Each structure stands twice: as C-alpha cells, then as structure tokens.
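A, B, C and D are the chain letters, set down in written order, and residue numbers restart from 1 in every chain.
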C-alpha cells in the first residue's frame, strides 16, 4: 500500500509541475485535474470514502468552472522572457522552497510515524462512543454535524460568502454616475 | 452558450433524473453511508449544470430566473442556522441536538441521529443553490446580466 | 441562557436573511444590518461586567469527557472582552456611516450582507477556543473583506483585491498546514488542551515548525513589515467604512489578536522566547518604515494605510517587550488606534463623498465648508500624533516607558522619533486638506449628511477621551483583566479547563 | 515519513508558483495546489495502519474494529469546501480583471503605485 501511495504522490507532483510550467492554460488546468483525481484515489486508499465522493464531484465542478473561465477569456500564457526580475524571483522562490523543505524534514522526524496515529485525544471519544452519543452510523457525519456542527455552519457560511462576493463583483457598474 | 447535439441532449435527458435521485439519496442517507449534504448538494447542482451545458444557456435561462439559485441558497443556509439556534431557544446549547436527546431512534435507520439528517437537507439545498449560482455567474452570464 | 453564541449567531442570521428580504429593497437590508449590529454592540457593552471571569461555552453541549474537550469551545476572557468591544463599537459606527455613504454604490443589499458576514466572522475569531474553528471564522472574515475591497468594481480595486486574496490565501494555507502538523502532534484542536499537551512534549523542532508557520501566516494577516505588500493597495481601494473596519479592526483581530493568543497563551512565551525578539524586530521595522513611506504619500487614503502599518508596528513592538507594562501599552494603543484610524478613514470618506478625489495636492480649505469633518479629523490627527492629553499620547507614553523600563533605550528613542514623524505627516494632511485656500473647483462643497457626521463625532469623542481608560476604576474593569490574561500566559489552560 | 515529505514537497511547488508565476490563472493554480497538498496531509495523518473507514455498518455489527481517525476527515471536508469558495472567488476576479485589461499577465496590470 505504501508503494502505491508513493507512486500516486509522485504522479501528483509531476502533475503539479506540468500544471505550472505548461504554456497553454487549458492544458495546465487539465494537469491540475490529474492532481485532483489522484487525490481522490488516495482518499479511497486511506479509507476516507466521504472525502473521495466530495473530492471527485468538487474537482469536476472546479474544472468545469475553470475551463469555462479560460474559454471565455484566453488560453495563452504570455511568453515570459528571461530578464533580471525573473531570475531574481526564480532564485527567491528556490531559496524559499529549500529552506522550508529543510525545516520541514527536520520537524517531521518528530511526528508520529505514518499510519500509527498514536496521539488520539479528541478523536478517541468519537471513535469509541460516537455512535452511542449521536446515533449516526457514519462517524464523519457525526463529527461534522454534531460534535463540530458549529464548524460546519462556518463552512456553509464561507460558501455563502463567496457566492455573494462573486455576484457582487460581477456587477458591471459599481458606482452610480453623479 | 449554445446547446450541444441531439445525442447529448437525449442522453442528458435520461441521466438527469437519475443523478438527481442519487443526489437526494446521498443527502438523506448522509448519516448512514458516505456522503451527506455537501456531496448530495453538489450532485444536484451538477445535474443542473449538465442541463445547461447540453441545452445551452438561452433555453434554460428563462427557467433559471424562476429557480432563483441564490434564493434557494439563502433559504438553505437560513434553515441550517435555524436548526442551530433551535438548540439555543430550548434553553440549552447552540447546535444542541435536541431531537436526538428526545427521540434517539434506532441507529442505522433513516430516522435516527436527531437533527443530523435535517442539517444535511438544509446544507444540500444551500450547496446546490450556491454551486449552481457560481456556475451560472461565471460560465454563462455575460457581463452585466443579473441572476 | 448564555449569550456567547449570540455574538456570532445574530450577525450571521441577519446576513442570511438579507438576500431573501432585499427583493423588497436595499433599504430593508440596511435597517436589518443596523439593528443586528446595534444589538451586538449593546451586548458587548453589557458583557464588560464579566471581564474578570473566564466563561467557557461548549457548542452543542458537548462537555469534556475525562478532562478532554470533545466539542468546540467558545471562550470569553478579559482579552476577548476588549476585542469584542473594539469590533462591535467600530462596526456599528461604520455601519451607521454606510447608510448615507453607500448610496453612491449600486446593489447595496450585497454590501450589507457581506458586512454582516464580516462582523460574524470577526466575533467568531475572538470567541473561538478551538484552533480549526478559529481558522474557519478567519476565512469568513477574509473572504468577506476580499469582496468588500472590490465593491466598487473599478480596475484598480479588482487588482488590489486580487493581490490581497493571493497573499491572504497564502497566509491561510500556511496556517492550515500549521494546524495539520499541530493536530498530528497533539491529537487535539482545543487551544487550552493543546497548550497542556505541548507542555508535556516540550520544545521539539516540530513545535517550533508549527510556531514559525503560524508566525508567518498571522504576520501576513497583520501586514507587518516584510509581509505588508497587500495593505497599501487593499485598504484605500475599499469603500470608506470598509477601510475603517479593515484598518481599525480586521488586521488587529486576524493578525495581532491571533498572534498574541497563540504565542502568549498556547505555546508560552517562556518556551518560545525567540518570538519576543521577532516581535521587536518586526514591530520596529514596521513602525519606522511605515512612517517614512507615509510621509511621502500624496493620496489621502494611501497615507492612512501606511500609517496603519506603522501603528500596528507600535502594538507588536509593545508586546515584544514582554513586560506587563508593555502589554498594557500595546493593548491600549490597539484600542486607541481602532478609534482614531477608523475616524480618519471615515473623514477621508467624507472628503471623497463630496469631491470624488483622493489626491491631497488638489484639496485645501475644506474646514470652511465641512466644519464637522474638519474638526473631527483634526482631533484624530492630533491624537494619533501623540499630543497630550489625547488618547494616543497616553498609549505611546506607556509604550515608551515600558521600553525604557526593560532597558531597550535605543528602541524607545526610535519610538519617540517615529511619533514625531507621525505628527509631521498628519499635520501635512491637515494643512493640505482642511486648511489653506479653498480651490475654485470645490466652492460648492457642503457638509456630509447627518448620519455620517454622527459616526464621525462619536468616534472623535472616543479618541479624545480614551485616555480615561487609564484611570484606576476603568482600568480595573477593562484593561487590567486583558493584561492579566496575556501576562498570565499558560494559566490560560487552567482558566479554561479548570484543574 | 517519506509520504509526509512528498506532501510537503507538493505544498512547496504551490508556494514556488505563487512567488514566481506572473499569470493570474497560474497563480490560482498554485493556490489550488497548496490546498490539495494540505488536504492530502490531513488525510495522511488520520490514517491508522489496518484501519477501516469510520462507518458502522450491518456487517460489522457490534464488533469493535479499528477505525481510521474521523476528525481529520471532517476537517478536510470543511477545507475542501472553503477551498472551493476561495477558488471560485479568485477565478471571478481573474475574469473581471481580464475584462478590464484584456490580459492575465501581472506585469501589464499595474495601475496601482508601489
């Protein structure tokens, strides 16, 4: 299982590089789809069917929205000439990445090994008594709508906010003409 | 946006009712099986999106205005908020699962887990409205058109 | 019945109702918004009486099992009370001001919805005792403010908002990654519980990694100096009441409050002492650079935005001193800044409302035509410039004394010099905008409508009189409990969970 | 350990994209990559060796089985939806900016002064 997981992760990383480096925005978006769908498979491998269902549908819809937006506008990524600004940015980016990576590798050694999840504290109650306390067989549903229902209100509000924001921003005239 | 060919129209006509039913099933069984309000709501939004893509926006648009995607969104989230505040009104806690405390039902059955299925329904309505509104505003409407 | 959830539930509920009601007209949304805001402002004043207690409220009634919290906790202590007061008082007057100001814009119903969502998000952030819940409400606030910044949908506004979104999104991603590592490390999301677990783990590289992720993420939200790029674009682009909210409240709640809560109460400053040095460096840098950048601005609102960076620098600098007097100065300056910076942004809005112009070189002599705006902005400017006996003087004085007391003589000197520069550029604002000769173009300028005047006058009175908070009787119920929470550090866990 | 490092690497590719890329849609893509990486990381930390999906079913009955941690899964669900909201908002801004400037190139979109 670990091998297949690593292979999927490598696929995602390759997809990410292609998505960022391709000159055509449409193919970039399709490569982004690779990452999203690989993530769906990983969710299934990691025993998270709820996430897999939501991820696959969200991914599809996101792609539809992104593709529609690109088709409405332009597909071309303007060719980037190599100038000093670009090189400086490139070096800054690389330095950021390397420093962050070294710090992360050092820190991750102190985390529990993958698959052990020894430090269950909050979740222990959910697993042992979730069914008895809430009556929901699906423990994820029990967590998101009962134990952490308040978070879910926040999450629904985020979606609501962004829809109101989108409708507000897509007005053509913002100010009344005096 | 123009519609697609006759084949696409026919197939989507066949598919849409079953996707819609699947969405409702996923919402209603959210507390028993994988899925829930979000997954189901997105499925329902997806079947509207399919209709728009297949038939073209011009034919659907007059219908769209009647559906009032953003209205159903507000209504759904308001229902969810109401369920949350209901716990407060009963003298106890925000998000208190009153129904489960009064009548727990049998775990594993459709009518169980108190307000969880109701919350799922509210979220389903909200998400379906929200995503369809996003799709319509971003992909279909031209600048300046109102939802 | 406990009132804590109402701070979140009322504005959110009103926000969900407005789109349904706004079919009947945008006026109804405005009235509903004002009522909701007025209600929670009253509530936040009423709740001052409990400022010395720590009230914990478990959403959904999920009490801790065997000492481990299983639900989401809402926590109200002295620091929260101060933040709630700032949010709701400034929010109410910004809303009142909007009723007149926003008539220039189209589809104002959406504006009020987004405003209410922002208020709900801000209250949610300060009340939250749960890390992920804090993140969710932080996102609500952020997304609402992204859309509000671009509410005028002009090209520059969209561009500024996009920049804000990209940097804000990066910050959120950092914070969320931090939360993931944090959860893996501690097995809990409750802040008080996590604080205890970290005490058991000690300071290992993973904890420091989480700390750095949070430090970068929240500093981006607070617009401290190396991370400030979005603020000078985003804050001036928004409609004036939103600029007032962003500068007066949002950066403080999403940036300063979260930094204080995380590093003083959860990680513990004794364990992570390097954070204090980082605070001192970032604070001094923002303070000085912000002031110098403000000095060269010609655009009224842009100058105010740079000045915000500078003043937030003061606050973070004061907290970086790490002494109770420093905390007192920092908190007091935070309160003062909320009042006078929102006042100054509302003044700039009044000028824009009548003249449609932000360039100060074309202005002059508005005091003759707009006496209320002129007088109130003079009060705000003097207060922010640190003229005794206005509020701003006292908070800066406390900060400088605290710096001297902890033997940071050079930094104290820098703080005083920056204060003089601040006074200089605000006098420049006064001279260029409100005094001098009235240009022929603006002969017909009148005073702004009454509700806008009411908001400005109230905030001006506040920024004049906030010095009274240092009087022992008032200090005892507002500032001291908050300072005790910060100075108490890791006692937070004990206060929240008992034992 | 190795899976965590790969997830962080994916996150960093997104961060790199934000620093370096000058095209609005590419910046949106970079942010989305970061979101994917975080969701992946959450799902990874919730996994327990040999664990089953956290759903009580008829077949399992009352037998105690080892479930994977449901809490990170719930958090990811929330994070996915938040990500969807932010992405949609960003895309709508990008489209609007394109309407105004006729380009996605950041270098050509510079009305604001430093």
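The criterion applied here is as follows: a residue touches a chain if its C-beta (ideal position, glycine included) is under 8 Å from a C-beta of that chain, and two chains touch if they have at least 3 such contacts.
Since we're looking at a predicted model, the values are computed, not measured.
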Of B-D and A-D, pair with higher C-beta contact tally: A-D
Whole-Å gap between the CA centroids of subunit A and subunit D: 1
Mean-CA-position distance for subunit D and subunit B (Å): 23
Where subunit B and subunit C are represented by their mean Cα positions, the distance between them in whole Å: 36
Centroid distance [mean C-alpha coordinates] between subunit D and subunit C, Å: 28
Where subunit C touches two or more other chains, by residue: 12, 16, 19, 59-60, 132, 136, 139, 143, 146-147, 150, 153, 158, 184, 189
Junction residues of subunit A, two or more chains touched: 49-50, 54, 58, 61, 65, 69, 72, 104, 108-109, 111, 117, 120, 122-123, 126, 131, 137-138, 140, 142, 144, 146, 148-167, 169-173
Set of subunit D residues in contact with two or more other chains: 14-15, 45, 53, 55-56, 71, 77-78, 81-82, 85-86, 88-89, 91-96
Chain-level touch network, classified as line, ring, star, complete or other: complete
Subunit D-touching residues of subunit A, taken from the complex the two chains share: 2, 5-6, 9-10, 12-13, 16-17, 19-20, 25, 28-29, 32, 35-36, 39, 42-43, 46-51, 54-55, 58, 61-62, 65-66, 69-70, 72-74, 77-78, 80, 86, 89-90, 92-94, 96-97, 100-101, 104-105, 108-109, 111, 113-117, 120, 122-123, 126-127, 130-131, 137-140, 142-144, 148, 151-152, 154-156, 158-159, 161-163, 165-166, 169-170
Residues on subunit D engaged by subunit C in the complex (per definition of touch): 11, 14-15, 18, 24, 27, 31, 34-35, 37-38, 41-42, 45, 71-72, 75, 78-79, 82, 85-86, 89-90, 93-94, 96-97, 100-101, 109, 111-112
For the subunit B and subunit C complex, residues of the former touching the latter: 70-71, 73-75, 77-78, 81, 84-85, 87-88, 91-97
Contact footprint of subunit B on subunit C as seen in their complex: 1, 5, 9, 12-13, 16-17, 19-20, 57-61
Residue ranges of subunit C in contact with subunit D within the complex: 132, 136, 139, 143, 146-147, 150, 153, 155-156, 158-162, 165-166, 169-170, 172-173, 176-177, 179-180, 183-184, 189, 233
